[in-house]
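Per-chain residue numbering starts at 1, and chain names A, B, C, D and E are given in the order in which the chains are listed.
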Amino acid sequence: MCEGRGTGPLFDADEERRARRKRIEEVAKYIVPLAILALAIWYWDRLVVWNDIEPYILPRPGLVLSTLIKDWGTLSQSLLITLQITGMALAVAVIGGVGLAVLFSLSRFAEMSFSPFAVILQVTPIVSIAPLIFIYIESRMIGLLLCAWIVAFFPILANTTLGLKSADHNLQDLMTIYKANRWQRLRYLQLPSALPYFLGGLKIAGGLALIGAVVAEYVAGTGGIGTGLAFRILEAGYRLQIPRMFAALILIAVTGVVIYATTSLISHLALRKWHESALKRE
Amino acid sequence: MCEGRGTGPLFDADEERRARRKRIEEVAKYIVPLAILALAIWYWDRLVVWNDIEPYILPRPGLVLSTLIKDWGTLSQSLLITLQITGMALAVAVIGGVGLAVLFSLSRFAEMSFSPFAVILQVTPIVSIAPLIFIYIESRMIGLLLCAWIVAFFPILANTTLGLKSADHNLQDLMTIYKANRWQRLRYLQLPSALPYFLGGLKIAGGLALIGAVVAEYVAGTGGIGTGLAFRILEAGYRLQIPRMFAALILIAVTGVVIYATTSLISHLALRKWHESALKRE
Amino acid sequence: QDLTPVTFGTNWVAQAEHGGFYQSVADGTYAACGLDVSILPGGPQVNNQAMMLAGRIDFYMGGHLDAYFAVQEGLPIVNVMASFQKDPQVLMTHPGKVSSFDQMTDLTMIVQDAVAYYEWMKAAYGFNDAQRQPYTFNSAPFLVNKDSAQQGYLSSEPYAIEKETGWAPDVWLIADAGYSGYSTTIQTKLDVVEQQPEVVKCFVEGSILGWYNYIYGDNSAANDLILADNPDMTQDKIDFAIKAMLEHGIVDSGDTLELGIGAMTEERSKQFYDTMVEAGVLPEGVDYAKAYDLTFINKGLGMDLRPE
Amino acid sequence: MTAPLSERAPILHMREVDKTFGGQVAALRRMSLTVREGDFISLLGPSGCGKSTALRLIAGLMPPTLGKIEWVGGQGAGDLGVVFQEPTLMPWATVAQNVWLPFRLRGQSFKSVKDKVFEALALVGLEKFHDSYPRELSGGMKMRVSIARALVTRPRLILMDEPFAALDEITRQKLNDDLLALRAKTGATVIFVTHSVFESVFLSDRILVMAARPGRVIKEITVDEPYPRGLEWRIAPQYGEIAREASDALHGTLHAGQPEMAE
Amino acid sequence: MTAPLSERAPILHMREVDKTFGGQVAALRRMSLTVREGDFISLLGPSGCGKSTALRLIAGLMPPTLGKIEWVGGQGAGDLGVVFQEPTLMPWATVAQNVWLPFRLRGQSFKSVKDKVFEALALVGLEKFHDSYPRELSGGMKMRVSIARALVTRPRLILMDEPFAALDEITRQKLNDDLLALRAKTGATVIFVTHSVFESVFLSDRILVMAARPGRVIKEITVDEPYPRGLEWRIAPQYGEIAREASDALHGTLHAGQPEMAE
């Protein structure tokens, strides 16, 4: 070798500084967002105080929190119902979205023929067609899910379709050469390739499923299962219980963030081994 | 060479068959979807006739069409207004979504700190916060756009963020080596890499902007600018002028499909030279 | 003479039920006592009440119960006049399906989410939540289901259904069934009453006169304004609504025959409050009297305009 | 052992094949070729002369612009192994899973072929890395995984596009030997793209020397040396002679002029 | 001409550098190296021995696990040109736009550097393809675009990772000559990864022979032949001698055992 050898690993100021910065960043990653959240809440509070905004217009965060605690019994039950619908809606959105995307990828004709219908479903105001749905669909539960599905499925369909088409062309050729049939190609090449896109769609659809659940409850009612958050918000609005309305809204917001964090985590776990977007770089 | 040479290009039955099939497919690509659309409309018509459904429940397509023609004056004006809001909403969704995505890609802290707020915006029932918005925002137009933006921006944000992160790592390294600054990296590497993802988001957001325009009109009214399709649908619904409601719904559906086709075309044109999803394979 | 500009936010798009107010705008009754009134129509989801609470508009077309809710929540809202003695909210059934209000308890009730009168119906008549399905302002589910009843607004849904289907549904006013709240009130904030009583007085009195003129006099100018504010309104529909209001004594019946249009009384307010407590809509102990101010009404103003 | 050249049965005829990309670039012009069972054919030529294109045409990955490619007895006959010029690994699968792929597509479980997979990995010196993901491998290691995948099924027809270009001389020679040994065992037909004159002479019994723009075959050289070939073949006088012949042909192509677009 | 080895000023010290991936794979162990201005250093070694890793460490693309890399006078001094092992082209840009990139990042318009871009493309024989997209190129052509991009700015420091592996012998020799000519003009320092013994001996004045698992430098060979070097160097007896020396070192590494994971 050309250079003399030291006797052990070298450490110096530069290295230490780098290590320290990394440690700080590690902590800041969680502190900063929390600080900003706190700041936002503080600003909300100040906004109300400075502008003398009455609690029936915009309640202070403290009041919302105490209302949340006070009404936790009612609100948590409604939350549970909304969560239930959201979960099911997301599940059907995933199944329906991926299913359609697979169908589209199997046949260009299917895509050309049915994607207009998918778009129509996406853009049609659900409030207007919900009554029609409920005339012909007996089961309230199915109708409810249908409504939520209509709201949430499209991003999954669009992103998965794009992903299925984005499979590497060399790998496509490999599949051709090994005479993979349509399903093998799908299973071993296109679905894994579409995973990052699908998971991107899932992040969008998670929030939409929640919206879908709220909208579905609004247009369809929850029937026998009790009242969800949509009902609580409307009710609080009618009764001018604005702090309670905000408490319910906060529950929805928190649910949305939790769903987003969960889908992000799933996405990270599924991709961190191989996809550029999730790889940790040295 | 090892084999004798023919005197000209060889053609045979096999080749001809392939060429014929290609021609047929070329035509079928447009015929099949149209046929299926026609079938769907026919089935709708039959459904009404077979089940003796009254026109004030589900009108026959012919009746919807004649209503559309009859009320074209009113409806086309409303369509124009809805289109106007949709266009502007999509524009702000693109600007806002891409802008936020860029901000997120520039700073992990920004992403960690602000993406929860983006999610909160996405999931909060717009109906509940619209009154708040309109108390503090003087201009109806801005309020309207804000509502429509809230509905449409998230898919663009989520997809573009994913795309900005998916830039090839080797190219990232290349940028590092050439000492590209943050903006150059963004401009020359990350934005082009994100293009397919962004365009996927655009396809989703196109429909959502239309929904956003409709919802915004529901919650806010169009004030001075005239009445859009949402109002027409509501009004026709109240008055049980169901054929007219369907005519307006059809206009929305057609608008949605046109927007989708347009964004698909844009996507195709932008990517066909280089991205796997749009490449024509030999 | 400088007119004081005030804005009155209604609860819906312009319709005959707002006629009294348009009447006084049209014929200058408000201007005569110094107000330049602009009417801001409401609509689905337009929340003019919040706009009033935020001080963006001066008066709001409220109801009886929401003023009680306001008191319960400590909101400075007060009703200063009630245009309607009876709530025009109805339930509709297929013709001949039931012969009285209480027979509807076996039907599917298509009623909006979270409305208070349904709570009252549950308490007073034994309806339940399981039989309710949300009303999303589309009558199709009602039309195809003979075993259902649907909510409606006296002059809207019954009119639309009759016009489009050719048959008239049976109409059950909840007011006639015992729901005794006033409706279409003039609501304002307490500080407006305290600081600008002359404005409130002018607006209330102008409105009282407006209503007399509208239902008994020449209302064409007001109707023109309504038609202008709501291009989808038709004369036909206005006529139907006015007829219905007269027929059911919505505006002018009961107390108004002595106190004049706009009347509200202590007894009826208490009685309504008690009903709501019984129904579990309101708790006991709400100082409901804060919800109304009788200073500007019950003076028999305009009674001379009523034809014999 | 493989039969002498003349006695082998033809399995593929390429007749007057032209390939033009986008109506512009003449990637291949009037290429004719008969592949016989057990042939070891090398395509030798400068960068961009259409070697990969020829291989892809044979693999049926794209149709020729003109001319015909005919398989005697159907293309489906026998297995195929292929090494593309790029490693072409599935980034979401481990090394072992990547090598398993050809079996998997035939419905064989990993367990049932585990030995074969590890044998192929051992061949390219990567057993230790069976659990790594492609992104954790060096360039040459990725290519070796790709080679292992092509050979793991002991295919009857092997198409290889510069498989050893990214490898050092020693690994390369080892794999040359291994390839010949495998072929001796299975009697496989090999079509082999390379830009190394010596490699082509060492390995093949027929060398097609190609020239660029338009991509075309300018010389066919038959190497009459019998298999197995070993070190002694590398130092045989004939070896050098054939190498010189091929090299001259190659040089000729280069001096024939700058690349040109199709007319 | 470049100064004799001993008189050159050091520009980079690598001291006892270790690189371990994921706490498992010892890609590089205790590598020390001083790069002096005008050096032409080759890293020679078998697949997976850490050549690319060493180059990436020097380029500052990742931090070492242990040890230090120090630039004398700051890393920013002078231009850098780099050829990765993979072509690394922007798929959305044409060939000319790809080669333009280093200029573009300095804010220079295409027009102002068009001549240089086309000159670099001519060097690799691809002017005709300036308007093509990378996907329309053959493997070797992509690599040549990457080489053109690295050289277009006439950088003072050039890092190249097996740049000519995908190219035929003739193109390769031409580019070898061109690289030396460029270096003679600009006095650039070159760090060059290769798996070809002959290439390393032909080009460099220092050869680091590396061994795999753990990746480490096992021998440093100084090539005392002055530049310019031409055909006569290829047939000089010393050339063969050094090549043998390097080759022996390489063989030694291979026989040293199978790849192993880090302890």
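Assume a contact is a pair of C-beta atoms (placed from the backbone, for glycine too) under 8 Å apart; a residue touches a chain by one contact, two chains touch by 3 or more.
None of these values were measured; they are calculated from a predicted model.
Touching chain B and chain D at once are the following chains: A, E.
Taking only C-alpha atoms, you rotate chain D by 180 degrees to land it on chain E; that is to the nearest 5.
The chain with its Cα centre farthest from the Cα centre of chain D is C.
For this pair, chain A with chain C, the centres built from the Cα atoms lie 42 Å apart. Averaging Cα coordinates per chain places chain A and chain D 48 Å apart. Computed from the mean C-alpha positions, the centre of chain D lies at a distance of 28 Å from the centre of chain E. Shared interface positions of chain E, i.e. residues touching 2 or more other chains, are given as 21, 86.
In chain A, the residues that reach two or more other chains under the touch definition are 57, 127-128, 132, 135, 168, 230, 237, 275, 279, 281. Of all residues in chain C, those that touch two or more other chains are 50, 54, 137-138, 140, 144.
Considering their complex, residues 50, 53-54, 66, 69-70, 72-75, 113-116, 129-130, 132-134, 136-138, 140-141, 144-145 of chain C touch chain A. Put simply, chain B touches chain C in their complex at residues 54, 56-58, 127, 130-132, 134-135, 218-221, 227, 231, 234-235, 237-242.
Within the complex formed with chain E, the chain D residues making contact are 21-22, 25, 45-48, 51-53, 85-86, 125-126, 128-129, 136-141, 144, 161-162, 165-171, 195-197, 247, 250-251, 254, 258-261. Residues 13, 43-47, 50-51, 54, 56, 137-140, 143-144, 156-157, 160-161, 163-165, 231-232 of chain C are the ones that touch chain B when the two sit in their complex. Chain B contributes residues 28-30, 32-33, 36-37, 40, 57-58, 108-109, 112-117, 119-120, 122-125, 128-129, 132, 135, 154-155, 158-159, 162, 165-169, 172, 196-197, 200, 203-204, 207-208, 210-211, 214-215, 218, 230, 233, 237, 245, 249, 252-253, 255-257, 260, 275-279, 281 to its touches with chain A in the complex.
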